[in-house]
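Each of the next two complexes has subunit A plus one more chain, namely subunit B in the first and subunit C in the second.
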Partner chain A sequence: MTSPPLGPSRPSPSGRYHVAVVGAGPAGLAVAATAAAAGCRVALLDAAPAVGGQYWRGRDPGVRLSGVDVMTGSAVWFVSPGFVLHRRGSDPVAAERLVFATGAYDRTLPFPGWDLPGVVTPGAAQAMLKGCGVPIGDRVVVAGAGPFLLPVAAGLLEAGVRVVGVYEAGDPTRYARAPAAVAGARGKAREAMSYLATLARHRVPYRTRHAVLAARGVAAVSAVEVGQLDRSGALVPGSVRPVECDAVAVGYGFTPQLELPLALGCATRLDTDGSLVLAVDFAGQTTVPGVYAAGEVTGVGGAALAEVEGRLVGAGVAVATGHRSPLSEMELTRLLRRRSALRRFAALMHRVHAPPAGWPEWLTENTIVCRCEDVPVHRIRAAVTGLGATDGRAVKALCRPGMGWCQGRICGYPVAELTARWRGRPLTAADLAVFAHRPIAQPVRLGDL
Partner chain B sequence: MSRPDVVIVGAGMVGAACAYYAARNGLRVTVLDRASVAGGTTGAGEGNVLVSDRQPGPEMDLTLCSLRLWREIGDELGRGPIELEPKGGLVVASTPESLSALRELAARQRRAGVEAVEVAAGDLSRYEPHLAPGLAGGVHYPQDMQVQPMLAAARLLAASGATVHCGVEVRGIERDAAGGVAAVVTGAGDRIGTRTVVNAAGVWGGQVAALAGAHLPVAPRRGFILVTEPLSSASAAARGVVGPIRHKVYSADYVSTVVSDDAALQTSTVVESTRAGTVLIGSSRERVGFDRSYPLPVLRRLATQAVALFPFLAEVSVLRTYLGFRPYLPDHLPAIGPDPKVPGLYHACGHEGAGIGLAPATGALIAAQLTGGEPPVDPYPFRPERFG
Partner chain C sequence: MSASGHLIFDGRRVPVKPGQTVAAALWAAGIRSWRTTRETGAPRGVFCGIGVCFDCLVTIDGTPNQRACLAPASPGMVVTTQLGTGR
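Let's look at the complex of A and B:
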């Protein structure tokens, strides 16, 4: 036996890598670095022009990637048998094991006026600021739910933008009632405190159990209506008042990107935050042998958890492909303990920042739910209550939400939730899977297919 | 609930049409479906209402009857709400040999009452300006139509006035001492007494037949469709993409793949625009059971063939793909009529890829059989007992 005349980073003579990692955010970077350190031939693919994902956004993540074939600008649109990843514009990549670390994007709830120019997601506000150096406006409202609202608001303040208010639909005082879970994620609490201090220094009102109910304006947003929520997530009567602004960032947590693992048949579950996530075992393996997942796709929990999961999965696939684990017993124990603590904190975070139960009440019959196909509330209601649609698939077929360019990435959650509610039943994983199932994961030209 | 005269199993296009015509004939109708309205093959097709791909014979009679009824339904429900478009079909041949076969078929179709207008090679671009050059010629079929099948099924069901229960699976069909239908039993254990059951379960029709102890050899014949970006969009226009395609356009070899008995993969090019601005690209046929995987070679073949017919499509993006299972019967004819062994059980399934087009005539024929009325076509070729 002679070893192939290739360095550790090159694919085997058959063209197959030991591991292909899709997504180069905190989870994917950790998987790739850990597996490569164990001697695996690793391919790391990401659609973006640089590694780092949404979290690092072009800044240097400081991860050593020696021994990793980094393939940025690689939008994977299809996985065929034998774990072959088909990329737009370049040759396919094959591997013995696949790891999906495709992350998540902002979860959006519709409200009257959300389709006005000037209404964006917190992720988009952050991308414009950090990626392009352009703040979304001069007088900005930040609203929705989740800890991510704080760095977005603080970032805008540091860029000299006037933040007129931060409105959090959840009730963060509930963190105090779970001291054990918080203690396991002390770094997170410190981070939040520092952002809150920035807000206080700039005298920015931070209101909890408040939500943006509507955006007003003619050519663009000129004000939002803000209301107080009771403990059940319903609007407190008489609490609505206008807040003038020229831009608003609104988002309610995140939606994991699952089209590739779903196309492979990986099983999913409904997480505590109402997200569809991959079902994984202790080692991060999905229900499809040889297919692993790390980071937000296994449950939204932030960059620290994603990195821990990534290191564990990286070590796991290294062992599975015949390499020695690069982790010492001590490191492994520490990472497992850290993963448990961060997952406990994530579950608490999901409960504290759950989407407010009353959001469908804010809609009018003419509020657009699917922006790609211009589908208003009343057409979805008619499909469910008048035409016999009992699930999202039928709603899609009867009035087209989720059929346009974004393929339900934005409207999938709200349409699934409205359908379930109007059928008088709770939201299920199957409801969400209808909108996440995309066998062709990215648009691809017919000439390139 | 009050005892229905007839329980229809399946809320797809055929079940909806059966409900519509049975209710119009004065019957109290209950429709059950284990999933949603149009949740099976109805929601996985293109909405073909075609006469162009039919050979003269029994299915042609059913087709011509259906075309007439579709136009009536369009008048009754409005064409807009069901997106019924009398757009016409254009069949194109790429070689002189396939053109002569196409002409010969068209001549026989004309004798059966079909409008079929020969189009010379040089005139094809007047029908479809973006067709590839160098085709041998074609035939225009003005009677071909397209409908949005999910909307049509849902609206026809709503218009029927039938009682519709979705999310209700039929677990059993009870028979009385004489062997006749006595009741259907649902998954929740409810018993709905009735003397008559119509099996409109499409590709699952064999399973429903088996619940009553009957036999119907329905098998799935898988097909894929590619859906493009909306061509009316500004982004498409900015890239110089043209559209839409005016007719349902397909290659002359389509008819031979439709009638083929081969289980292996067969593809032929079918391209058309939809009301939503997208282009639908088909079609493939293969008998692989209920396999829900998406093989890239099949999708690629569909794409390559479509680009060969309409070169501008090379620049157009595919946004999604979906698959469906056509209810295939070995002689390519549907089973419509009473079961030979189980009194009270009627079958209305096995239409393969033509269920949308043939649904109204099927519904009208079933309604006539249930009420002793005059059948709109000769029912004999469709009798279920041919599978004995």
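Let's look at the complex of A and C:
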């Protein structure tokens, strides 16, 4: 399924590329284009049928990829020594340097009824609408936390869908308390304002410090319960009321896709939003020499930051493989400034839109936490408080959350959080790492092994 | 790119538009679930929409465990509800 090379680039006689980039979203595209501009032989691999990642999703990103071997339809499932990338259904690709730009997915929190059909993530709502032209419902609730809720709601409205309410758990007035960080990302503020204007035009209520506490329905969701949160993120007693809907998009930010770099031994850290992210140095190199990372995998910050990081990493790997940096001194300075400004804004965004502290209170003993293995709250509670499991690994062994098809991608964060809370200690990177380690990154067929 | 036409879902004709995934085609026809879980038999359809959660597993042309949110829909495809994990 390898696309024909778009330019003169060919693997070196040894068959190795200077750099192989996994993930062709805004970050990976920028890495590939920048490294190729410096003369590197670049392979750009993505599991999807087209480049662009979650941001462009099939639309033309307008990035010049001359000199890049673009390999779409290439799901990388394993990396063997010598930086050999094994992909589904095609020959492996070897390179001197690896860059992981594998992006992120929606972070979700369990609540009663979250497994009813019609309850989806904001990313799913966006993917269905922007990717396939199918709105997730006729009367839709958008909820959770983060600036991404706004484009999702606005997109649905523009498609003629009735959005019955947008419920943001955070308190966005807190942005006003950090004017310097906001000033560094003016474009983002402007974008948010235009979405809010769209909501206002359609008279859609935008309620902050509100959360969806439960979903009700028989074969699919028919209503949600919405409640108000106090400053500490706890439910305000007596504030719960039902909202009728036929679909709900709910999510609490994004969390990176890390299995490949983790399998290589790259170190991680706990980011300000409570997500496990790759630890990288100034140049974007991970703790494994020769392995770099760019975009959401180094910390969730949006498409603009992903692209800036990608250009810097692209220039860095070019220099590391004996090429001249394609960036002028001035461009480099500008990109570094922009990166710090966008990272500062991202850290502020994480604090403003943190998952509400009170979420475990909304669970019932029978709420499913691990959707794959049908593990309810009471089995996890019994493992932690009854059988004495002190960490995620023990919980996993005792009652199997994170052992199903998704390998903990969905329940990893909530199980790690619940375990830490019930042990009376804060969440650590180690808690999350238990659920982020996956020996095989993508489903493989026997023929690939 | 897949063309317009119909796929067959559990014996029912479902319209398919170019560029749609199996999940999108089913959703557009008002179908919200096409799998039941192994333990409790609860219905499931789309959740993450991007191939991460595996909630949307479905049997396509006899092959079980395909992610409906990733699989491109094409006319003539035979899609069937999956019970448990298809094993």
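Methods note: the second predicted complex is superposed on the first by the 440 of 449 C-alpha atoms of A that agree within 3 Å, B and C clash if a C-alpha of one lies under 4 Å from a C-alpha of the other, contacts with A are read in each partner's own complex, and residues count from 1 in each chain.
Everything that follows uses one rule, which is that a contact is a pair of C-beta atoms (placed from the backbone, for glycine too) under 8 Å apart; a residue touches a chain by one contact, two chains touch by 3 or more.
The structure displayed is predicted, hence computed values, not measured ones.
Peer 1: Under the stated touch criterion, which partner chain does A:Ala219 make contact with: subunit B (first), subunit C (second), both, or neither?
Peer 2: Only subunit C is touched by A:Ala219; subunit B is not.
Peer 1: Should A:Trp405 be classified as contacting the first partner (subunit B), the second (subunit C), both, or neither?
Peer 2: A:Trp405: touches subunit B and subunit C.
Peer 1: Pick one for A:Ile440: touches subunit B only (first), subunit C only (second), both, or neither.
Peer 2: First partner only, subunit B.
Peer 1: Please indicate which partner A:Asp391 is in contact with in the superposed arrangement: first for subunit B, second for subunit C, both, or neither.
Peer 2: Only subunit B; A:Asp391 stays clear of subunit C.
Peer 1: Mind working out whether A:His86 is in touch with subunit B, subunit C, both or neither, as first, second, both or neither?
Peer 2: Touch status of A:His86: first partner only.
Peer 1: Examine A:Glu373 and indicate which partner it touches, taking first as subunit B and second as subunit C; both and neither are also allowed.
Peer 2: both
Peer 1: Is A:Ala125 touching the first partner subunit B, the second partner subunit C, both, or neither of them?
Peer 2: second
Peer 1: Per the definitions at the top, what is the overlap between the subunit A residues touching subunit B and those touching subunit C?
Peer 2: Shared contact residues on subunit A (touching subunit B in one complex, subunit C in the other): 373, 404-405, 443.
Peer 1: Name, in rising order, each residue of subunit C that touches subunit A in their complex.
Peer 2: Touch residues, subunit C against subunit A: 17, 19-21, 23-24, 27-28, 32-33, 37-40, 42-55, 57, 65, 69, 72, 85.
Peer 1: In their shared complex, at which residues does subunit A touch subunit C?
Peer 2: 47, 49, 54, 58, 105-106, 115, 117-121, 123-128, 131-134, 136, 219-220, 257, 368, 371-374, 404-406, 409-410, 443
Peer 1: Which residues of subunit B touch subunit A in their complex?
Peer 2: Interface residues on subunit B, with respect to subunit A: 11, 35-39, 43, 150-151, 154-155, 157-158, 164, 166-167, 226, 228-230, 233, 276, 278, 281, 294-296, 299-300, 303, 306-307, 313-322.
Peer 1: Within the complex, which stretch of subunit A touches subunit B?
Peer 2: Listed in rising order, the residues of subunit A that touch subunit B are 78, 80, 86, 263, 373, 383, 386-391, 393-394, 397-398, 400, 403-405, 407, 438-440, 443-447, 449.
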